[in-house]
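The block underneath contains the structure these notes are about, expressed in structure tokens.
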Amino acid sequence: MSRTMMDETFLNPLLVARAVDAALDEDLGRAGDITSAATLPAGAMARAVMRARRLGIVAGLPVAIAAFRRLGPELWIEERAHDGARVEAGDALIVVEGSAHAILGAERVALNFASHLSGIATATAAFAAKIAHTRAKIVCTRKTTPGLRVLEKHAVRSGGGANHRFGLDDAVLIKDNHIAVSGGIGPALRAAKSAVGHLVKIEIEVDGLDQLDEVLREGADAVLLDNFEPETLAEAVRRVGGRMPTEASGGITLDRAAAIAETGVDLLSSGWITHSAPSLDIGLDIEMG
Amino acid sequence: MSRTMMDETFLNPLLVARAVDAALDEDLGRAGDITSAATLPAGAMARAVMRARRLGIVAGLPVAIAAFRRLGPELWIEERAHDGARVEAGDALIVVEGSAHAILGAERVALNFASHLSGIATATAAFAAKIAHTRAKIVCTRKTTPGLRVLEKHAVRSGGGANHRFGLDDAVLIKDNHIAVSGGIGPALRAAKSAVGHLVKIEIEVDGLDQLDEVLREGADAVLLDNFEPETLAEAVRRVGGRMPTEASGGITLDRAAAIAETGVDLLSSGWITHSAPSLDIGLDIEMG
Amino acid sequence: MSRTMMDETFLNPLLVARAVDAALDEDLGRAGDITSAATLPAGAMARAVMRARRLGIVAGLPVAIAAFRRLGPELWIEERAHDGARVEAGDALIVVEGSAHAILGAERVALNFASHLSGIATATAAFAAKIAHTRAKIVCTRKTTPGLRVLEKHAVRSGGGANHRFGLDDAVLIKDNHIAVSGGIGPALRAAKSAVGHLVKIEIEVDGLDQLDEVLREGADAVLLDNFEPETLAEAVRRVGGRMPTEASGGITLDRAAAIAETGVDLLSSGWITHSAPSLDIGLDIEMG
Amino acid sequence: MSRTMMDETFLNPLLVARAVDAALDEDLGRAGDITSAATLPAGAMARAVMRARRLGIVAGLPVAIAAFRRLGPELWIEERAHDGARVEAGDALIVVEGSAHAILGAERVALNFASHLSGIATATAAFAAKIAHTRAKIVCTRKTTPGLRVLEKHAVRSGGGANHRFGLDDAVLIKDNHIAVSGGIGPALRAAKSAVGHLVKIEIEVDGLDQLDEVLREGADAVLLDNFEPETLAEAVRRVGGRMPTEASGGITLDRAAAIAETGVDLLSSGWITHSAPSLDIGLDIEMG
Amino acid sequence: MSRTMMDETFLNPLLVARAVDAALDEDLGRAGDITSAATLPAGAMARAVMRARRLGIVAGLPVAIAAFRRLGPELWIEERAHDGARVEAGDALIVVEGSAHAILGAERVALNFASHLSGIATATAAFAAKIAHTRAKIVCTRKTTPGLRVLEKHAVRSGGGANHRFGLDDAVLIKDNHIAVSGGIGPALRAAKSAVGHLVKIEIEVDGLDQLDEVLREGADAVLLDNFEPETLAEAVRRVGGRMPTEASGGITLDRAAAIAETGVDLLSSGWITHSAPSLDIGLDIEMG
Amino acid sequence: MSRTMMDETFLNPLLVARAVDAALDEDLGRAGDITSAATLPAGAMARAVMRARRLGIVAGLPVAIAAFRRLGPELWIEERAHDGARVEAGDALIVVEGSAHAILGAERVALNFASHLSGIATATAAFAAKIAHTRAKIVCTRKTTPGLRVLEKHAVRSGGGANHRFGLDDAVLIKDNHIAVSGGIGPALRAAKSAVGHLVKIEIEVDGLDQLDEVLREGADAVLLDNFEPETLAEAVRRVGGRMPTEASGGITLDRAAAIAETGVDLLSSGWITHSAPSLDIGLDIEMG
């Protein structure tokens, strides 16, 4: 990981380095890049420019750089854009110079990270644009690609979104099943409050205004309003009256985002931005030395 | 990994087990499922049914089962569908019974694997349907999600597609940069043939009919026709005359797939089916005991 | 990990299994238990009883069991006490029967986990007893033994304490250096609120009543009152007036705990209970078969 | 690991690097140091001085340095004290300058290693001082904190103690159970001698003078005199007459150490110095740039 | 791994680095090089020359260098020979200068890699010399030392041999059991062709001319002629007529190699060169500074 | 690892399990056994008999079994011979029944372990036979195959040999370089004795009778007589007079073994038995169900 990335955002750099290693191992297999080994002269040099081929928001450039760096510790690398930047087709993102074997060996891994994460940032930004006139924010969920959650959370922030839980352990989110087994909203909230430490927030999911009223009586750190129609959502926001953040989930599409955000809700949570965002087209133009 | 999965398909079961562990670690973090720990009674039992919520082709069910099994070795699990099956909204895929803590702890990981991989299978099947009247097959690329390549390759097969290289090391694919540095198609092919073992295939990318003619003179195991328009592609296929498999790449969209396949080309390769396929909506209905 | 442990408490069972493996590897080295291999007949059977040799609160029994189970999958094991139980010298905690090689091979690792974690639980319980007449709770810190944090956090809960952050990533705790660099309490709190997600709590450390007043104006999720004398602490608690949890830190000794807790503060945080608690004396009595 | 540490002491530097990584992972979690990320400007610089806050013997400074180095490869670090040095409250141990994000991200891990290991060194030194007028040495046992044995063994040496076995595999230690099953001291010793290689030492535990006589008849590399009162111990030492090292164990407290050492025994083994030594108070004073 | 090695040959450098780490861990154990720590002064410097003590072909020098580099990042290292070079007794292969602790700590691991891999290269070269007057090549098999396959494949290439499959997943090799279960050569070949991707080659083993004829009718990418006598082999080669590579296996000894190669077969496969080649005697002459 | 193996010999079972996993990963790659997947029906059953094809001493059967078990937890496996047994060509070693996919997937790994380790056991036994009329034993060295040391040490014991050090950390072996730098034999031995714990043995290498005399004056736990001719060796043994074990090294060949052993030396150490022993031919006969 570049130092820059860790400094400016929330990521354990050791986790990121392991993700890069896993991806390189997956691509290099046992024998490595046999095409380059067979066809390039030893010591061949190259210059490569990673470019956006579509308009979008970039994310994951430090991860791409880490992939090049891992195979070519002596590569000269320049970052031409930063995560979160809006780029247009043709814009240079990264320039790499040095061993052609290292550049070609890491090329696909670097591109796969950058295009996947930029796709998420771009999708998030599209949502953010739809609701920019409101006070609401777009947040991601735990519906992420297995193994890439920390990077995808970062991509969401790069796109102007905010993060929900990173995992099951960093906040309580009480859902319908927990409520049912605990004997209701009151018992569930009281059980959670007595069990967790003072720095753990508790959010609870409700599916109607009656449940919301019960939550407001008991108190919670946030409430998730699941599958509320806009008008009911507006009423829910009114009832909450700013006492806790309100989050709308279920059926949050680009088409409906503005209407939902205009109810005054604080957060719109979308699984789509992480599990279904198309990747951003990014390529590597290589000039062999 | 269930034994079944390994037997019927191409996967290193140890790799798959590690992917499951990595995903569970990512979701459980240090403290694990604190919501369930706080709100469920010790020993609570549950019955859960994983169901498709949209029509599609499923893939990754054995991976989802492995996730449940990892946290709940004593869970009773029934597989109601098999990878590659076409399911409709509401169809049961997996039934799990036992410890509610284990089921809820593994729920999101199991769903993330199943919906991501089923999304790829479904996208692949859509392509396959478009070209079913031809002899062409849809194949995937190395544009996969970092860390999940083996599973995504499996999902492509589940959707009726075929696999391209699993990594840089299992076949030679000579691209424009390799050709340029080697001094042309002839030198590149000859270098590759002399360097690799007798069980490694060599494919070469060409961007025009002139290059193709040179490949035909030199001989190769396959030729990749990059960004050919359908009419030129048809001419290329004619010139190859069955001497080697022909693969079309570049701009392979659902809309254009039929026209491209009708040129007689053997393979259509698509990065989209792995890097941009939307996930299939799959949920878990839980009845607490 | 036994299922029981995961169900009833907050722990990622995969992390715990790795801690057990690391400890066994450390003790077995390359050649394993060469004394038993040299002196015990193949197939020797034994019965072992793990017993407390001092009065205390036990913790880590499931970890000890996991160590035995790892080397002897077929051992018969009975848990005679549960984490959090008060035991007296001579009380049986675990009974194990089966392969003498497996029991002796895992003995020291099992005892090291159980006595270390029970020491922490016992120390925590001593604090908890001192303040039982107040509303305050004893909480641990991040001053834990490297590599054992999740288990030590569990031991604290077993002893009647509560947990603070598990790591740098699950809550914000703004200290003097952060305040200094950010330009003051107001800018620091506002920066934190705008940067983190809605499920992340923010606590801030203050070292005097002036700083506290500023925190109360800005709002926070908790306030850490560092090195306050009891009388100032009482005034601080009065000023907070229940608007947020108050935590006292610095110089929290068994002798001073009651006086501090009687100020009305919510939490007393102690590094001592994890970094300096003496281990509880626990032994294994073995009868060879 | 710094080169220095490996050169001067007994440690596998790869093991130490893994211990540092494990501790950093444990503290950074998925999202890393979110407080610093939220409140510090990108590129903020700092100067930090790690200081002893109590008199003691330091150990683990190279490990603390390795933690800073891991997150901040470009930090400027100066070691002001060396493992084994006696320091007083206020003495500087390490000075670090550079990225504030790196320093604060590694701070707690660095301190946890240094204070834990220095606590062990300090406790060992206290024992060593009590017996300095005799020929006896204080030695540690396998009653170490799981996962930290190599570092704790190093801390014992830093405090003036000596090491016992590092694990079950590097020497034979025949205890009562082995004797019972083997059919007595003679058969046990003979079995061990015939089974192990010529570079493996054999020690045997005895609980009375009769057993000792049998050991002297059979021959061994060392004898462990368990729970002997000082007068019996003196007699045992007399009987051994220098033919093999004698080790006293059981009830070795600071109060009793001198009396035991004065019997002429060679070694006093103490689990307390590793499993129950209170940590040494060490802090980090930070000046933000 | 040195960059050079990856550039010029087929290897995943991450795998190689892990092999080096595993070997160092195995040799250093927990406590490291206790002899050097006990007897060398801190900061001792040395100069070491790795020399061949027998005539042979060297391989694995970059791996040996990686071992030195891992323990001594600041060592000055010069490579005096290259993998694949023919060396005589006394020839210098590598010169290393710097920390004596680092050099002695890595010495045995570096020598074990170099002498094992050079042994394989030398054995391979002996075969290659026997058949140099023919068009045949010597190829290795999957009968390699567990854990070292990629390095052993590299050693075979260094000795002038070629590589067969790296594992079960990179080509199809249909053997007698597969044929039996599939219902014959035709069904087996057809099943394989329909199952695998277009870049996977298919070889099939036959044990007689009848089976060969069937393979020729069906078509395959290569044919393995198992345990054919030279005269039958010559007939087989004649029947194949260049339509696919022919590989002879079974009883390929140095004595018989020329006769077999003179049949016109393309490949002679030998397990012996990897599983039974004696190591090449290589030593390290050290001058302490 | 089977329980049996751990019980009867010296091995850390967790290390062995990792060696098996590494070997399977190496052979299965990403896609697994594609030949079996393509040609065997799902659910195909088989019966396989692992047989010696040459006379020899077997070792590693529990490792081979562990490989089968890892891919086929439900296989029925019978061990027909035990490590250390003398077998003749055709003797059954292991019988396995169950999933043909699991058996074929693990076949090569199981055979590679068994034939490599049995080769070492057989070579060791050949030495042991040559010196059976003397009191000497054959011992191995650290010249082992990287990554397989613990298993190779076990194979040596299976063949009737004894083990030398497992690594640099479990005993001191002072060589010429250490002596030179320390200022002579006396200083080196004294430095070692003062540095290491009471359970670490110290051996020293001498290259002449003068050095030996100095060692006898200083005292050591063993002496290595390097490259002594038989007559000098006999004189050395006479001078030692049983005061410490004597070890002959350098030029220990099968031809010279008896003459060397007849000098009365205790140990003959041979690198050849681990680094150059040809593998024992072992095959797997499979009957498909």
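In this document, chain identifiers A, B, C, D, E and F correspond to the written order of the chains, with residue numbering beginning at 1 in each.
The definition used in the following text is that contacts are C-beta pairs under 8 Å (C-beta built on N, C-alpha and C of every residue); 3 or more make two chains touch, one makes a residue touch a chain.
What you are looking at is a predicted structure, and each value in this text was computed from that prediction instead of being measured.
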item: Same-residue or different-residue interface between chain B and chain F, half as cut-off; value: different
item: Far-end chain from chain E, centres as C-alpha averages; value: C
item: Chain whose mean Cα position lies farthest from chain F; value: A
item: Where chain A and chain F are represented by their mean Cα positions, the distance between them in whole Å; value: 51
item: Intercentroid distance (Cα basis), chain E paired with chain D, Å; value: 44
item: Shared-contact residues (touching 2 or more other chains) in chain D; value: 10, 12, 26, 28-32, 34, 37, 40, 105, 149-150, 166-167, 169-171, 173, 196, 200
item: Complex contact set, residues of chain B against chain F; value: 3-4, 6-15, 149-150, 153, 166-167, 170
item: Footprint of chain C on chain D - complex, ascending; value: 19, 22-23, 26-41, 44, 46, 100, 104-105, 108-109, 111-113, 115-116, 119, 142-150, 166-175, 177-178, 180-182, 188, 191-192, 195-196, 200, 272, 275-276, 278-279, 286, 288
item: Interfacial residue positions of chain A with respect to chain C in the complex; value: 10, 12, 139, 162-166, 169-171, 173, 196-201, 203, 221-222, 245, 247, 266-267
item: Interfacial residue positions of chain D with respect to chain A in the complex; value: 21, 24-25, 28-32, 34, 37, 40, 42-43, 70-74, 99, 101-102, 105
item: Interfacial residue positions of chain D with respect to chain B in the complex; value: 26, 29-30
